[in-house]
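Encoded as structure tokens, here's the structure I'll be asking about.
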Amino acid sequence: MNLHEYQSKFRFEEFGIPIPHGKVAETPEEARQIAQEVGGPVVVKAQVLTGGRGKAGGVKLAATPEEAEQHARSILGMDIKGHIVRKVLVDPAANIEQEIYLGITNDRAARMPVIMCSAEGGMDIEEVNRVKPEAIIREHIDPLLGLRSYQINALASGIELPYPLWRQFQKIAACLYRCYMESDATLAEINPLIITAEGDLLAVDGKMSLDDNALFRHRDLAALRDTSAEPAVETQAREAGLSYVKLDGQIGCMVNGAGLAMATMDMTSIFGEADGIGPANFLDIGGGADADTVAAALRIILADPDVKAILLNIFGGITRCDEVARGVIAAFSEVHVKMPKVVRLVGTNEEEGRQLLQEANIPDMVTATTLSEAAQKAVAAVKGA
Amino acid sequence: MNLHEYQSKFRFEEFGIPIPHGKVAETPEEARQIAQEVGGPVVVKAQVLTGGRGKAGGVKLAATPEEAEQHARSILGMDIKGHIVRKVLVDPAANIEQEIYLGITNDRAARMPVIMCSAEGGMDIEEVNRVKPEAIIREHIDPLLGLRSYQINALASGIELPYPLWRQFQKIAACLYRCYMESDATLAEINPLIITAEGDLLAVDGKMSLDDNALFRHRDLAALRDTSAEPAVETQAREAGLSYVKLDGQIGCMVNGAGLAMATMDMTSIFGEADGIGPANFLDIGGGADADTVAAALRIILADPDVKAILLNIFGGITRCDEVARGVIAAFSEVHVKMPKVVRLVGTNEEEGRQLLQEANIPDMVTATTLSEAAQKAVAAVKGA
Amino acid sequence: MAILIDNNTRLLVQGMTGQQGLFHTRQMIAYGTNVVGGVTPGKGGQWVEGKPVFDTVRRAKETTGANASVIYVPAPFAADAILEAIDAGIELIVAITEHIPVLDMMRVRNVLDRSSSRLVGPNCPGLLTPGQSKVGIMPGHIAMPGPVGVVSRSGTLTYEAIYALTRRGIGQSTCVGIGGDPVNGTNFIDVLQMFEDDPDTEKVVLIGEIGGTDEQKAADFIAQHMTKPVVAFVAGRKAPEGRTMGHAGAIVEGGVGTAAEKIARFQDVGVRVAQTPEEIAELIAS
Amino acid sequence: MAILIDNNTRLLVQGMTGQQGLFHTRQMIAYGTNVVGGVTPGKGGQWVEGKPVFDTVRRAKETTGANASVIYVPAPFAADAILEAIDAGIELIVAITEHIPVLDMMRVRNVLDRSSSRLVGPNCPGLLTPGQSKVGIMPGHIAMPGPVGVVSRSGTLTYEAIYALTRRGIGQSTCVGIGGDPVNGTNFIDVLQMFEDDPDTEKVVLIGEIGGTDEQKAADFIAQHMTKPVVAFVAGRKAPEGRTMGHAGAIVEGGVGTAAEKIARFQDVGVRVAQTPEEIAELIAS
């Protein structure tokens, strides 16, 4: 789960990191009022969960409250890479002497968090990594020991930060780490962390991503999720505990397990390639899915107008085939679907599952034994439709 | 540094441990008022930094506010093992079903904290350890990993705590550990932690000791020190950064380093034994002591009326002999002392130190080369005095 | 002989009294696994499916002599359960639980590296040595004893591979699901080494997927240390970049971790790569 | 040969620019110690006493090839300094700083146990190999080269022992102050083993004190593993129970850790125990 800039920065501030004292506006009038309160020039910034807002004209400097209102009017409602801007952050403009990058993420290979710092702030860190990797100073953090003061010194030394700023930098890095750990974040970055003309450090832009698996212990953070920005099916899928990714084919796939869902995606793609047929989605109903989950998954697939056939591929381990069958029957009795359905049920309680499906007598349903067979039948069904 | 019961419990409460909602009184009238606010029977408890207050009559149950006032009147001003009672805690009386012990301390041999729990609450844990060691359940805590939930389960299981209380117990133990670590404690104990008739857990008595070396990062805790209860010389010694222990002999010792101070104490004791002569104190001026520290140390020694001779034993490593000499000269020029002085200066800058002392021409001073010689001369001086 | 589990495995079930735990305890017992007890804090002293339940793993181990543990504890408590098993000195710990927070697993991994326990998982289907012992959630009836070792990052794809082998009459020595989480206990290389050393294993099936570089490292290991033939399958050939495919481990980031890259590395070192799950069995047979 | 430090010791000074650090850096250089540089965060690039100063230990080690480090950093920052030296892979770390919080040292100890570094101290006078190298704060002029190893929990008592030996014309191989803190890096047994293995050491002096059980463990070790004669001295024979004598380690708790107990254990295993510091030299000479 990603946080908006303003959410990330407000979270940073809770942990003691200095940020510009701006506010969020949802209307141009609010933006004007905030600019008035702030006094002096402000920056009006689109709050969207995607990059590239600067190039899209989503960040503008305003000298007066009137100008702030005008900018907010032009930015609010803007479409940036499919995301509609519904909020702007109005921040006091800072006098920037230098821009620094400071971020923490998980290094999966090293199995520990890593803090990264670069004097090339403002740029995308992945871009810096490509162009000038030696400009990034990295320190791996033992998660049991925490970020140590000497490691922060190594960062400061590495980017040749002027010594009078080291004390502030120590505090900001330590606070960012605490924020990262106590939020169960997978990314917490300040970009840029600026040196102001007044000789202070200030986090003028920020970004946080959180571990969805850890949201159970962060109800306050979970409540920050902005579902207005994402497609409705993604919200539905998440709330049903499903993993769903929209693709551009015609076969609606419902599978248990990420690996098998990927293989199903691969197989339909490969067998359908010659005819321009492929998977309409990746959908993993997870382990131990019950009837309700399966019904919810089917509803999501059926909501996609591109879907011309359904492929249900269940290999039961923790998932019991009879439960899946019950879900399928419930879903089909709720929504009437004319399209062809290919069903493959193997594994725990497969006999009971097949029995149930047979008794339900669902129209246009064929069964398959192997994955290849199931994928081929689904492709054929789309061709024949 | 030890905290009073009320200070420990209020600290526990900050970390989420349930305690009786009592208050501290310094006068009988205050005690009456608190009892009135609390309503119902109360316990009036002497706040002293020593054990055995119960036997001494320092803890009394009062049915009415009037009775609370009477008890407070009798307890306030009481002398318990040399400690004058200046405060009482007035707590609502609890309905006790069972008493549990729960405490954390450092296990030096294992080099990690250990949490201990026993169904024999209310008793002194060292007494339980002597009489019935198997009644104490212990879990060592990896300081990097923290106290784990499963370890708390092991304690609950070990003392056969009724299952409905496990959730509360989990929280209390986890909070106690956080309190311990975030206070840099060397002891944090709840004794007893009671099961009330209402089926809740409640910390009715508590005790904390803090690591003096870590007080620099706990200014709020350092401010809790109650110097009214300790001898003035101990306060003076601590404030001057000295380690001072009063003994019952006649030779005032000033030494640098704990080991050498102990050896000096041993030598004077051994050489003086036949004549009933021995050290008046243990006093370690520490490493790198400067003139001010030495002067402060000398003042503390001279304040002791039992002292008949002074033995100054300095072996300079980090402590420089010339610095020590300057301190000695400063102290003697301030306070005129008629008694004999034995001085031994060896180590870093010993020549300069001896030179300075010689030039100062301090009366009744003799020098020594070895520790045995110095101790023998000091004993002889007391005999001759 | 097989690897990791066999007839000598004495299994504890952590979270035995929960719904999943109970269901799979019955399945494991039915398969013939020697389940010696369960652990559920607060339920110590009860009996479930004829097995004693304990409050703590340490007590359970002392009483039953267990040498392995399987964890069905819900995600919020699962890291603690793993740490408890490590602390109690359980030799083999199999964590089925999915959705454990990654920072929890980083802490676990840190402790694990200092211990003598082996962790398989989390977010894995467990282990199956056909005819001897089943630890986890694999459907036992699709497997049969034989000479092929199976190791996989994916749960249900493991079943596909076993299913395909069994349908062709090829049995398995041990099937190991290592799980799809980015931070876990046992990786491909660990298991490949065990199969290489196991006299009962003649050939190996490896099931990989997109994300990370574990398959590339496995390819290097195979080239340098394996004498037994390996057949691989890699899921996610058609996965779009930057989208997480079902679990945190399966994501192609900045062009790194693609199926094409992994397949190429396998082929470079002489590992044959199957195009469909069914082809796995064909390549093993040939 | 000596132990721990000699002519090949290339020393970093952490906290070189502080008052104590600077004073003792000069003393060490004057003694002949090969000080190769210093570390003070934020002062990297400066030169002090003709030695380069670095911001971090890692950089200092890379540049100077240091293999040892001595720490004069104030207590609030000392644990971090030790961890930095461990992280940088410094082989020998000598921490002079006293008053480090005990929880800090427990964390350090935990990390140290997983590393290949050796820590001596904290709260110790350091090491002295007469005529070769001096690391710490021992007054070098009281020592002379020779065949006796000295190991001690007490700072100034170490000097007493050295002083007594030298006055009798007996030189020292290496003098090691292990420090008086309850949680530290190196204990008696570690050093006794090194002296046992060192061909330049013929006899050993051990200086103990009240508190804990390290002397008892040393006695057991001597009985089982030492062939070289050991003379001991134990401070605090007249210490009252329950009062801390100067530092957290020196306290007799509930009758445990008394000098009498320790002396008896030494005598039981044939270690001669001196009554005065001067007697140490007499017993060694005899």
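Per-chain numbering from 1; labels A, B, C and D assigned in written order.
Keep this in mind: contacts are C-beta pairs under 8 Å (C-beta built on N, C-alpha and C of every residue); 3 or more make two chains touch, one makes a residue touch a chain.
If you're wondering where the values come from, they're calculated on a predicted model, not measured in any experiment.
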{"item": "Separation of chain B from chain D, taking each centre as the mean of its C-alpha atoms, in whole Å", "value": "28"}
{"item": "Averaged-CA centre spacing for the pair chain C and chain B, given as whole angstrom", "value": "54"}
{"item": "Of all residues in chain C, the ones touching two or more other chains", "value": "107, 111"}
{"item": "Contacts with 2+ other chains: residues of chain B", "value": "142, 144-145"}
{"item": "Touch-based graph of the chains, sorted into line, ring, star, complete or other", "value": "other"}
{"item": "All pairs of touching chains, each written as two labels joined by a dash", "value": "A-B, A-C, A-D, B-C, B-D"}
{"item": "Complex contacts: residues of chain A adjacent to chain D", "value": "142, 145, 148-150, 153-154, 156-157, 163, 166"}
{"item": "In the complex, chain D residues that touch chain A", "value": "41-42, 44, 55-59, 77, 80-81, 83-84, 87, 107, 111"}
{"item": "Chain A partner contacts - residues on chain B that touch it in the complex", "value": "144-145"}
{"item": "List of chain B residues in touch with chain D within their complex", "value": "106, 108-109, 111-113, 126, 142-144, 181, 184, 186, 211, 213-214, 216-217, 243, 245, 247, 255-263, 265-267, 269-270, 278-279, 282, 284, 286-288, 315-318, 346-348, 370-372"}
{"item": "Residues of chain C that touch chain A when the two form their complex", "value": "20, 24, 27, 75-76, 96, 98-104, 106-107, 109-111, 125, 137-139, 142, 152-160, 163-164, 180, 182-183, 207, 209-210, 212-213, 233, 235-240, 243-250, 254, 259, 275-278"}
